[in-house]
């Protein structure tokens, strides 16, 4: 066995140890400072690593800088955009449209998912349609939406709803399917019928799966929104993240395009880390799953 | 100019105005165009105030598009009243609406398209096994390239196979791909042809002008929705007036016009062209009110010949009566509809 | 003081409206499979305390589920004239997204108690009844097996149904806590006139609590034998009468099990 | 109380009854014929309803036919496309690329999800990046992918992977998070360490959630693929569903665009009903969840 | 025939290497919360059969989990020199994605048996041992509570570990099946020299099976008292000696529980 093989075997052992590690995780809690540092360093490390690799690739000049701009160029481009005052309205518009569209999708997708998940005939009838709709890319919806609504927020919302509602409904169905039937029986026995059963038993029981579905639903909503922002630009829609990206791409401004991508990523990460992750963690914790 | 209410007092809502009696001015005119050099007429008309002045009480609202099909989709959907667009996009929208939805009421730009290629390609024979780009399948430049290749005895099938591979793709992408050596050339409108020449060292193999009688072919036209034209001929007249003024200004004060257009590009897209690029672009094209009606039929014939379109009857696609009336008022010669006004 | 009742038509019939009536209940899980329950006739009178005994896997839980209306019998009918019977499940089946107290609270709310304060007080009272003072805010996963069972018992009591079906409610409790809860249960039963069907594997417990002990046979589950327990309450598990009857019943249980093979 | 209120109350009662209905679903099984008819009629009914409403809207002439084509026009357009011989190669190409891309995404996303789900530092470091990537629309990736790979299948796969891998990994993480810790403990106690624990305990325990994630992952993969097919056309990529749709849209051929959408929907529905639904149903059934 | 051992340092020490050694084990679930277990010292000799008694919620399950190495003590040390101890959980905890037989099969496979035929035969043997012939292909949700517990027992036995920790393994079984399994378990234990820690609430069962009975106090869990059971096997639950010691132990249990108050 040569050195490399030994090493890879060791690596495997480390992985295996790691895989076991969590299972004995002690309930011991550290001081707040240590916890903050602990929580902050892995993402920072990851970020630093990415920047380092990026800078290395850039500095190695394998690709010309109009193909792969360096971190500093992207940083400059970002700084420019911020000082232009372009960024905040764009981020605001996109997040605003995204939030409204997502909220509407949740409001529509949840009851739809409940109907599909609970009524066998509805499931057989509408279930396939939902999964079909899920498979249509937003780009396909933009032209018809444009035709019916023009380049207005109504068009954006149509595309967002068509992207997110099926996804959220499918998530609700999956969540419902994974509810142990015992809970439904208990619920019925203690007198939860109809809507009370939905509110007090079904929804809370399906909550972990539902949250996972919402997260995917948000991804669909946000992506659909950006796709339409990229394809359609109008005064009614104002500046948006998609507009920034498309503009940069149209003007072959790679650094600008990367900057827009960084912004979109940042919003995506922020929404997840500030909204979904804490909620999910709390739900799992109260149920003794984490 | 953005006064809200029409003289009829029917309210500021465009739809409310639209149902009032024929011949009235619309309360609003929704105009689509590209933030692009070939749409200089529209850019100037909006930024220089020519449209607003001519439209008077009619509110002008503008929508920027970056592709003809999307713009025509909006027009077909009744989301736009008028649009500057390439003739091929206008053509397919005309065909799809059984000749009902729109009319070409004026030209805007002529010229400004070239086949630019890598150095070392000196003639059609060198294009075998090469990859060329066009802005969009079936658009004016795409048709021109395919027909030209056919004339040179080279095949270029609709799905990209053949002696020459034709990839319809985004113009910005084309620039990058050309720089990266992934494509060997492209048939492009301005300013992209100029940018490939100036930024990426391409050379001109064919100037589309040389292929047409008098070197005239339509690049951008003004179309209006048939309903709108029927209900608000006065507004269309006003728009055309504005365009005539804009085109006049572009021709008479070329340097100012170039500067204004470049400023607008910067404002609308965040990035301006270099002086050199904008100058070269403008030198390749010309502002005109003539839609070069005769070339449209030829263009359709070419598209049919290359298998991109089915043959259709173009009669009724033009309505140049207003344009000619207004040209007459301005002491300019009338333009021809090549017999395509009547159904 | 004790009497054996031979099973047979009419033997278990109660003159007036019963609290629970199972008539000819048969349950088969798979098409063509052997029935788990086969023609069970069982009437429980209002206010009656019936204990159900039988080998592991003979169909006791299935019977309770059917009596509670949570599963449909393949054949036969179930009647619970007073509405739905409260069922305490064998797996305590607390909702993991609620605390112990909230689990009880939900049952109270669904029963119709709307005043929040009242519900809280009642939940605390029930928790105290099952000897779980101060466990209101504990999550189910933070409770021991026996504690969970007691919360489930409190939840079943919170339903305030006139029929209470209990599936091995005290199996995970120590002898002492169990004794205490026996007393509480009997007191409650005497005070409220509840009809109780109580499944247990502890024969002494059955005799300690029940007015009637029903022995199920297995494969298929049928009513094998019944005993009326006439020992007056308060009884104790250690009482001689209880022990004697228990030994008799255990003997029959053994016979049943050996008859039906391994 | 007026008639309408009574009616809506009745409707509510019906819904409540329906919501309860499944909970007492008998295990009684009907003959095969009856079952087939039962299974087939709700989707057929749904289809018939949709067609009827569509035809009604079309016949009412609210919109001109170039805005809303009628079913018969779309049917003609579909028939044309089929007789042209355009359809089968297009469907074949798209499904082929989709299948390869999805398989690769699963192969990459699953281990990635396992790493992120099981190692706290990896989760803290990479988790946010995954959710960020999930929030970028495919349209944003097409230009860079095109720049690095040209209009080749490699470009398609890049876009598909960037869309589907994060989604699948996030699905795996959600599935892992919902595994009751008891199973992990049991697994450890009976001797499942490291990779054995992954194979014999973690993955099977997370399977229901994982399948739900795969389904969303497939939706992402398929949508990304179509988005790139719509944006990029080249000889290397050949005919594809996206190509058909884009062509129709570019020529403002609404009937053609609807026909392409119908095809895409049909493929989406087929993949779901023939692949995911049966697998999910079996998994749920063996676990006593359905 | 029975002896009471006073607890105290060294009292439970076994001369040679023990099979399980807990030293000063303390467990607190929340920072600053009251400890559930407090300084538990417990040695189990190889081949010894120890029964653990205690009030519901006193920490028995927690103790077993710690002994099995599945949870870390807040303080103190755990040693199981022979590797990991097999633990039979209180909630039978079968894997729902496997059949009863496959659950056992997995334990066999992970223990190192690679021949499929051999595993199948062994699984069938273990199922027969727990009186579940022909249940190989049943899914956990198709089994009754008692049947699930028996499958879990079979799975724990399949691990073939030298230490077996059992958490109320027979709580859901009828008296007869339980008797049968008592016999099987003792036979197995005598044959293999297994060290067993057996948690139960049934005092008679503890005396029936154990060589040593350990009583835990609650809040915090400490070793309150120990008894050595010198009654020779085979014992029966009904034996007079067993009954007598049971009564004594129950008395102490009662004291413990009343001392720690409600």
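Residue numbering begins at 1 within each chain, and the chains themselves are lettered A, B, C, D and E in the order written.
Definition applied: a contact is a pair of C-beta atoms (placed from the backbone, for glycine too) under 8 Å apart; a residue touches a chain by one contact, two chains touch by 3 or more.
Note that this is a predicted model, so its numbers are computed, not measured.
Fewest steps needed to get from chain B to chain E, stepping only to touching chains, is 2. Across the structure, the highest number of inter-chain C-beta contacts is found for A-D.
Centres computed as Cα averages put chain B at a distance of 40 Å from chain D. A straight line joining the Cα centres of chain A and chain C is 49 Å long.
Note: centroid distance chain B to chain C, computed from Cα atoms, is 84 Å. We define each chain's centre as the mean of its Cα atoms; on that basis chain C and chain E are separated by 27 Å.
Residue numbers of chain D whose C-beta contacts span two or more other chains: 23, 67, 143, 147, 185, 188, 231, 249, 254, 288. Shown for chain C are the residues that touch two or more other chains, namely 29, 70, 91, 142.
The set of chain B residues that touch two or more partner chains comprises 69, 73, 76-77, 170, 172, 176, 180.
Within the complex formed with chain D, the residues of chain E that make contact are 65, 68, 70, 84, 86-87, 89, 91, 93, 95-98, 106-107, 110-111, 139-142, 155, 158-159. Taken in their complex, chain A has these residues touching chain D: 12-13, 15-23, 39, 41-43, 45-46, 50, 67, 118-129, 131-140, 143-144, 147-148, 167, 170-171, 174, 177-181, 184-185, 188, 193-195, 197-198, 208-209, 212-213, 215-216, 218-220, 222-224, 226-227, 230-231, 242, 245, 249, 257, 260-261, 264-269, 271-273, 276-277, 280, 284, 288-290.
On the chain A side of its complex with chain B, the touching residues are 64, 66-67, 86, 142-143, 146-151, 231-236, 244, 246-253, 256. By the touch criterion stated above, chain B contacts chain A in their complex at residues 30, 61-66, 69-70, 73-74, 76-77, 79-80, 170-172, 175-176, 179-180, 269-271. Residues of chain D that touch chain E in their complex: 182-183, 185-186, 188-192, 196, 200-201, 204-205, 207, 283, 286-288.
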